[in-house]
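Two complexes are shown next, each including chain A; its partner changes from chain B in the first to chain C in the second.
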Partner chain A sequence: MKRLRWGLIKRQVAVQVQVITLNLYSLGLFVIQPAVFTAVGMLLSHAAGNAMPDLVYNVIGGGIMGMWSGLVFTSTFDIVDDRRTGVLEFIVGSPTSLATVEAIRTLTNVIAGLLSLSVAFIAALAIFGYSLKNVNFWGAGVSLLLLLFAMWCIGVFLANFLAWSRMSGTFVDYLEMPVAFLCGFMYPIRILPVWLQILSGILPIRWALQAMDESLLGNRDLAFLITHWAVSIGISLIFLGITSWLQVKVHDNIRVSGELSSI
Partner chain B sequence: MIKSLVHSLRIYLAEAWLSYHGRFAITSPFGYIASKLGFPFFLMLFFIYLGKFVGFTNPLYIVIGNVLLIPAANGLNGVNLAIADERQWGTLSYVLGSPAPRLPIFMGRALFYILDGFITALLGLGIAALIFHLDLSKVNFWMLVLCIFLIAITSSGLGFLFGSISLVSRDGWMILTTFVSALYILVGVNFPVESLPPMLQPVAYGLPLTRGIMAARLALQGAGWGVIGHLVTGEVLVGAIYILIGYLSFHLIEKRSMASGTLDEM
Partner chain C sequence: MNPIAIEASSLNKIFKTKMGLWKTKTKSTVAVEDVSLTIERGELFGLLGPNGAGKTTTVKMLTTLLLPTNGTARILGMDVVKHTAEVRKHIGFAFSGSRGLYNRLTAIQNLKYFAELYSLDPEFTRKRIPDLLELVGLSTCGNDKVETYSSGMTQRMHLARALLHDPEVLFLDEPTVGIDPVGSRELRQTIKDLISFGKTILLTTHYMAEAEELCQRIAIINKGRIVALDSPDALKRRISGDSVIEATIQAVQAQVLLDQLRVVDSRTVVELKNSIKPEKICIRTPEPARVLELLSPYLNPQYIQELEVRNQTLEDVYVTIIKGDKE
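On to the complex of A and B.
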């Protein structure tokens, strides 16, 4: 049973990687768009009279933007394409649940998003001479893992909406910027008004990202990091719990109505 | 002669309505409003806080720039899709096979996107004025209206061009979205064109929108035709060149596809 699952994961990941790499749009999502956002941050910084951009928020933050955009749009287009080409019905009808397929796909999309972060990080090191001297490596590493986990939880949560109804897909499409804005992908969350900071607290990405940014800036305050990690894990698990509950509803709904391709 | 003109006008208006209706008839009200105002609003907020963080002390510059980009995004994306979807849905051969004159068919696709972008930008400006307390006491209203309308028209020229590219390339949408992203940098939306590296400034002035956005900013400060006339004229000229290139590209692609018979393989 375990070998079968591992085989499924390997096969699904391989297919998903091919889908991503053969689609030129992925290049735009994972590399060009984050580069544009980074460039806007740098030029705004230049226009404000700064000699150097903020490397953690303006440069590496652009990579986070790419990770998120990549996740939202690749996951969205996967389902939309499945629906358009009629593959969604086969997936729902197959012995492997839609939830499992979506979980593996989303995992691949999240890991593919690391390309954005890597490019941004390499740019920060090679082009701008970002110093690693003060970086809290283990703090940044743990935070990055939790950031990936948080993105995966949000990704599978959103995938259910897309399978449920094409109209909800419209809603998911427009989540890219509100989440980027609320989570402070390219600026510290503290500059937002307090009520927006409270609102952003419902997103696990915000907590993991804040811990990662602070670690990159050299914060070694264990209490601060553990609190942020714990909150991020807790909210991610809540999203996962809601997803599990929703999956049953979505499956029932699409099987009972029999209108998968038209909803 | 008059009969021919009326015929072309009828095709132009029918094409304009069908193209717009075909795109938005199945969209929910939420999707429609979100696509018009939702994304630009949150993008603007993102840039405002990014600017605040780096010490850019004029957030209203970003607000106005992003509102002025609304008609451009509308013209670019809408017109591009109105053309490119023909290929995606397999209806391009019917369009090219029909005896209708090409000019009204091609130009008609932009009409409602231009009007839509223009109205949405005015609405966005009103909302931005309420939220961000824009000082509109000095505004030269009719000059501002002219500039926004002009931006909507000239950006449709880019839409025609990218629509034509979409007819010959499967990655047309990716090329367009990359270009639209580049507009956040190049046309003076978030910071003045003078803040760009010197090598990018000629590129900025070679694009529609740059002069139109500059003129609209001046009109917001009360400038009249004497001050912004040269910018408006430049915007008209650059926009006309792009519309012409877009139309000629479409014509060229049509001729090539007729000769090679490879329309559906493109």
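On to the complex of A and C.
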């Protein structure tokens, strides 16, 4: 087994934070966008006759939306910008694999996405006055970790796919909203038609999120939670397996097509 | 120890582009065709050619950034396709222009990042970075963001990055493009120093004087093929010991002079260099005395304003070879 390269992890995270995370675009992505989604969710909830916005689907849902959008946009931006600036050639030309670099970058992007979720939680407690009395904390905690893992697995898959060709970014943009709708960020999955519920089953985020939502609502049914966690881990690992195959193909393909550089 | 640093054998690169709305048609572009070369350890080898000749594509195949369509290439005896990761540890490369660095980071932050990509020991990196910044003349601005650098400084920063892991083989793709004359001279001196440290360098350039000053051997590449490969002196000898006579003339009298020169033997080539007034004629001849004798009655401002006789330069050789290849 290869040893963990802590030096590379630390340096890559520092570069990612300086180059991608700490700019107005990303902060807007992680903070302003989820606030807009939360506001729209609250308006819809109010129009449906609810006195209070729904904690899970309106407030926290906005935060999850911010995490997901942030992940898609920053992953796209990473590769597109590296191609544009020519850095991609120097990363690929080094002894470190692009997949390793992408894995660390995506981890940073996922962790940066916690900013959205934190803002949503603070808003839920401080602005909307929700109580944490009934919350299943350990269930929500484990589910959140698995949600981050699921997002990371999908993120590294997308990052490698984005490196494939200059056109990949366009296809990834198409995925942002459909994945959000399929995973039930802002409404329960059960309101979707059955065939869409089945389709959403291939996304590990959906299973971890459902477990987290239920835990926040006080569900302590261990069998339910463990099933959802296990399915989420299983599908996440399948995505990782596909990614490890994909990264070899990408490494070859970009060196055949000459698409390492944007010019 | 293998005395050969870089070896390419029948290297080919064909780019295929999908065309049309449904990408059903494929257009093939031959970028490099049958390139073979051998570069010894410690040699500074030049790759010259016009834009689009295949220089950068050749360099990118040798640096593992592109896969050859056919042919083989070895660096220090290691195949660039089969032993990609190992080859990457032993080579450094720098491309022209301002691309390839994180502009929002400082020079030191950039170098520390690339040092991690090469798994360098932190202690080695700590000592190496100031040494490299000193070598490329950036020691006073290592903490400045790269976005504040001039093109010359960025180019030198590229060289520092390429040297970070102390590679044995260096690929420098047009390293002095966009740099002022003083900066170019300093960079050329740095390249000479690197050769004295035992590095092997493959340099691509458009500047003939640079190639002539630096390179022990030169390959001229055109339309993807190597059309000449030898030392600068041997290349100059190759197009005979011709002398070059350049005369600045009154445009209206050009025909009179061209008629006079027609009587010289068939080995003399007369060329009208440009159409702006006054015009220049360039005469390549094995018989400079005869040409000068023919021109002597016209050595007055009405006909000839300036006259220069010189030996062939590498640029003359280059132009002759590239033009000959076109024809």
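One rule holds for everything that comes next: the second predicted complex is superposed on the first by the 250 of 263 C-alpha atoms of A that agree within 3 Å, B and C clash if a C-alpha of one lies under 4 Å from a C-alpha of the other, contacts with A are read in each partner's own complex, and residues count from 1 in each chain.
Just so it is clear, a residue touches a chain if its C-beta (ideal position, glycine included) is under 8 Å from a C-beta of that chain, and two chains touch if they have at least 3 such contacts.
Please read all numbers here as calculations on a predicted model, not as lab measurements.
Using the contact criterion defined above for the overlaid structures, shared-chain residue A:7 touches chain C, although it does not reach chain B.
In the superposition on chain A, A:91 makes contact with chain C only, while chain B stays out of contact range.
Of the two partner chains placed by the overlay, neither chain B nor chain C lies in contact with A:248.
Of the two partner chains placed by superposition, A:127 touches none, neither chain B nor chain C. After overlaying the two complexes on the shared chain, residue contacts for A:187 are found with chain B alone; chain C is out of touch.
In the superposed model, A:36 lies in contact with chain B only, and not with chain C. In the superposed model, more residues of chain A are touched by B than by the other of chain B and chain C. When the shared chain is aligned, chain C comes close enough to touch A:15, but chain B does not.
Chain A makes touch with chain B in their complex at residues 24-25, 27-28, 32-33, 36, 39-41, 43-50, 53-54, 57-58, 167, 170-171, 173-174, 176-178, 180-181, 184, 186-188, 191-192. Residues 27-28, 30-31, 34-35, 38-39, 42-43, 45-47, 49-57, 171, 173-174, 177-178, 181-182, 184-185, 190-192, 195-196 of chain B are the ones that touch chain A when the two sit in their complex.
Contact residues of chain A toward chain C in the complex are 5, 7-8, 11-12, 14-15, 18-19, 85-87, 89-96, 101, 252, 255-258, 260-261.
On the chain C side of its complex with chain A, the touching residues are 15-16, 57, 60, 63-67, 85, 88-89, 93, 95, 97, 99-105, 109, 112-114, 116-119, 122, 161.
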